[in-house]
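Quick one: this structure, given as structure tokens, is what I'll be asking you about.
Chains: A, B and C, in written order; residue numbering restarts at 1 for each.
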Amino acid sequence: MNLSRSPSLPIRTNTSTPARISVRRVLLYAVMIALVAIMVIPFAWMLSTSLKAQQYILETPPRLFPNPLTMESYTGLAERIDLARVVFNSGFVAIATTIGQIVISAMAAYAFARLQWRGRNLVFTLYLATMMVPSVVMVIPQFILIRQLGWVNTYTALIVPSLFNAFGTFLLRQSFLGLPKDFEEAAFVDGANPFTIFFRIMLPLNMPAIATLTVLSFMGSWNSYLFPLFVARKEEVITLPVALGVLQAGPRALTEWNLVMAGAVITVLPILIVYLLAQKWFVQGVVSSGIKG
Amino acid sequence: MFRKLFLVGLLVLAIGIVPALAQTTTVRYFTFSAAPDHLEDLDTIIAAFEEANPDVNVEVETAPFADYFTLLQADIVSGDAPDVFELNYENFVTYAANGTMLDLSSYLDAAAPFYPRALEAFQYEGVQLALPATFSTVLMFYNADLFDAAGIDYPTVDWTWDDVHIAATAIRALGDDTWGVYSGVQFWEFYKKAAQNGECQFFNEDMTESTINSQACVDTLNMMTSFMTDGLMPTAAQLSGVSDGDLFASGKLGMIVTGIWMIPAFSEAPFNWDVEVEPMINQHANHFFANGVAVSATTSVPEAAAAWAQFLASSEVAANVRVESSWELPALNEPAYFESYLSQTPPANRAAVFTALENPVTPPVIVRQSEMQDTVNALITRVVDGEITAQEALDQAKVELDALIAP
Amino acid sequence: MTWQTGWNKWKWVLFFLAPSLSGLSIFILLPILTSFTLAFQDWNLLSPPEWIGLANFQEMFADAAFWSALRYTLTFIVLYIPSVFILALGLAVLLNQNMRGVLVVRTATFLPVVASWVVVSLIWKWIFNPQYGLINPILNLVGIQAPAWLFEPGAALVAIVITSVWKDLGYVAVMYLGGLQAINDTFYEAAKIDGANPRQQFFRITLPLLTPTMFFVLIILLINSFQVFDQVWLMPMRDSAADRQVEVLVTEVVKNAFSYNRMGYASAMSWVLFALIFVITFVQLRMQKRWVYYESE
């Protein structure tokens, strides 16, 4: 896999200028700054609202820097819901789900990418097909199943069903397929069995894709709302998005926007951290999964 | 010496075992109205109940209103319905028609002072399937300071909507960001205004056909939308995401027709305000909203569950807790319970609540309730946006409602 | 290699595949099959289901709400996919530059991806707010008559598309970036020797070699945008014309399943949706021979 840089932008440049700082560079930087601004300002807005006192939220014209700055939204939120417990629940479930998903998806991906067996394409099409059904229709049958298994209001209900996700297998299969077979063939000649190959060659060489899947799995589990709403309602197991649902006051009260925004900030922060941790491998991760289609 | 030890040991054992032998029954109670503001109040009521019934333990589960019925249905369908659950009047018929609730007649304490009307609301084909736990109504709230500034008299119980129009015009003239009145142009207001008109009915007597497109109904709808077209009432776009309650609380709205559950929200308002019975068209008609409490048909602890339901709905403790914390009003015909409620201010004219109850109107309820509400609301929005006329909207509504009640 | 054949091979297949396949069968396939049978039944969750054959489908094809939802879904797709497809490519080319600060831009563009739609819709509802938001004051400054974004159906759909593009741009760009970086430099070197300018290099080398990635992206975008839900459910302002009229297929399914208690009808609709996605994906798979260039062929 050649990871060298691609050629320069296909823009007409002023090739007669020998100076390092060219018009092109300035233009590029301008575009990049504008891009960053567009992406980040909405989140800055969210953060700013969460730090405002209640009465300033509906001000016109809207103000980006809160004056006065206050943490009352966060303390208010902590009074409403048991933040510590809820964040712990979400975190525990997300980490367990992520680890499980990676192991299970990687193994299945290996079976699809490297083992030759009859019916392989058919079964893989089946996997793809499961991604084409809206998950909402599955919720009630899944809930009934969870009930029959006696898993309601347990961590098991939050973790186990989420471990089996066709997308992860799809992503890793693409990545595995993109790897040249040289290393494995050499290993086979030396008498290695598939598991050794899997563990010592495939996994290490596909770390980027695995990093990608880590972030996406974590994100999926952390932000999950509908299924946890059904299966985990007790304080001991309730997760963050569901717990924050109580802030969505019905038509019989006034919504407290600053609390809602504070909840939003708390929801985004951990994923950001996970993303930054995996950032080093991330770009290259999606690289390998997108190539050979 | 050993004999004494042995006897002491036996005694200790007995003290340990006997309580364990007395079985604790657990009753699961599912509610939407308690969270997030009234969980402590509910706990107070539970504590009183458990004291009176030491072998019963009440466990509370809550959910936000938006998700509540989905979760309740999921629980029922998966065979694990809560023993006692809350439901509002609109959903009662659906649950009753599907046999999900226990007949409470044999558990009902005849001495419980329920309002007869409230008790009837939760009967289905003559069977008492739920008990009325709370009721609330809708009143006209008005900003006294704005009325003073415009130099007009406060609303009285004899007001009609024409009087509202005059007052709203005067208040609107006070400033560009001051609005005259707000009364939602939607399903719940429509059926109530229809009752105030007196001649508009959504359905005929035996519920075989919809009569929503009668002239009386068209006139009613036109009256409601006229406030928006005359610029006295903000449209959704003009409200721009601010709720009508927020608008009133910020002092920018002269009159608002909203529920008494908003009283706590307005209590901190920096202006003088009061309430009055909602104005009439040809006669008075006021909302009667009720939340009931039902026992699941599949519960394994019917006596305990029914006892809890009864306690929650009609005990003095429950009534007092509700009144003191402004957590809706108990549906009980006991003036004594409401004394403290009536003496709290603002607003001063809390007696209007009970005046309003003299002309109660309940929503038309069919099995496919949500679809009916959505259909009517969708058509009304189009009238408000000027896309179609009221007559066209209601003609279309008739067609769709007929389809919904078809067997 | 003895493990390649016979029982030995199947032992390995079983070992690697069993956890995933068994879990998938129990927790995903079984519920899907259940919902498939529900499509032919009438079920309100409170009473036992009733078999009604094809009645749900007959009702659906005569239902104006279904066709409206289909129209909105297709309109969303037509507006959203080309925008993301092309803009993300531009972004990826930009991110591929060897310049200081590229890492910051990469992180920034991925920020919207990691936030949930609950959070993103909250933010953008404020931004699009005609009175209190950010966009209309700016538009008014430039002299453009700003619409009441999330209140009117047409404008609301456009606002939803804009927000969706903003949110997904970073993720799609990163997929392209991978494809870009995998193109072997020798191609470009050879082209430069032949005197090709940057524009020719892009259209004759970069683009063709990027087609496998573009194909993968297109498939994923199609599968996902047919199932668009969160943003359409969350963004239109409550009680507005947009709220009442802007529905896509999955919001209709959710409404019927959870508000109207019509699980059978909802299942039938989701199966029509599935068929739609399946057919289109299949067509794309067939057509890839015409425009996708696989280096190994």
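Simple rule for what comes next: a residue touches a chain if its C-beta (ideal position, glycine included) is under 8 Å from a C-beta of that chain, and two chains touch if they have at least 3 such contacts.
What you see is a predicted model; the values in this text were computed from it and never measured.
J.: Weigh A-C against A-B on C-beta contact pairs and write down the one with more.
T.: Taking the two pairs in turn, the one with more contacts turns out to be A-C.
J.: Farthest chain from subunit C, comparing Cα centres?
T.: When every chain centre is compared against subunit C, the largest gap points to B.
J.: Which whole number of Å gives the spacing of the CA centres of subunit A and subunit B?
T.: Those two chain centres are 41 Å apart.
J.: For subunit A and subunit C, what's the span in angstrom between their mean Cα positions?
T.: Roughly 15 Å, centre to centre.
J.: Give me the residue numbers in subunit C that touch at least two other chains, ranges are fine.
T.: 45, 126, 131-132 - these are the residues of subunit C that touch more than one other chain.
J.: Going by the touch rule set out above, which residues of subunit A reach two or more other chains?
T.: Answer for subunit A, listing residues that touch two or more other chains: 58, 140.
J.: Quick check: what residues of subunit B touch more than one other chain, meaning two or more?
T.: 74, 77, 242
J.: For subunit A, which residues are in contact with subunit B within the complex?
T.: Within the complex, subunit A touches subunit B at residues 58, 80, 140, 143-144, 147-148, 152, 229-230, 233-234, 245-248, 250, 252-255.
J.: Quick one: which bits of subunit C touch subunit B in the complex? Just the residue numbers, please.
T.: Listed in rising order, the residues are 44-47, 125-126, 129-132, 148, 151-152, 237, 239-241, 244-245, 255, 258-261.
J.: Could you list, by residue number, the parts of subunit A that touch subunit C in their complex?
T.: 1-13, 25, 28-29, 31-32, 35-36, 38-43, 45-46, 49, 58-62, 103-105, 107-108, 110-112, 115-117, 123, 126-134, 136-138, 140-142, 145, 160-161, 163-164, 166, 169, 174, 188, 193-195, 198, 215, 219, 223, 225, 241, 244, 260-261, 264, 267-268, 271-272, 275-276, 279, 282-293
J.: Within the complex, which stretch of subunit B touches subunit C?
T.: That would be residues 70, 73-74, 76-77, 94-95, 98-100, 184, 186, 236-237, 240-242, 368, 370-371, 374, 377-378, 381-382, 385 of subunit B.
J.: Quick one: in the complex, what on subunit B touches subunit A?
T.: Per the stated touch rule, the residues are 35-37, 61-67, 71, 74, 77-80, 242-243, 245-246, 249-250, 259, 261-262, 265.
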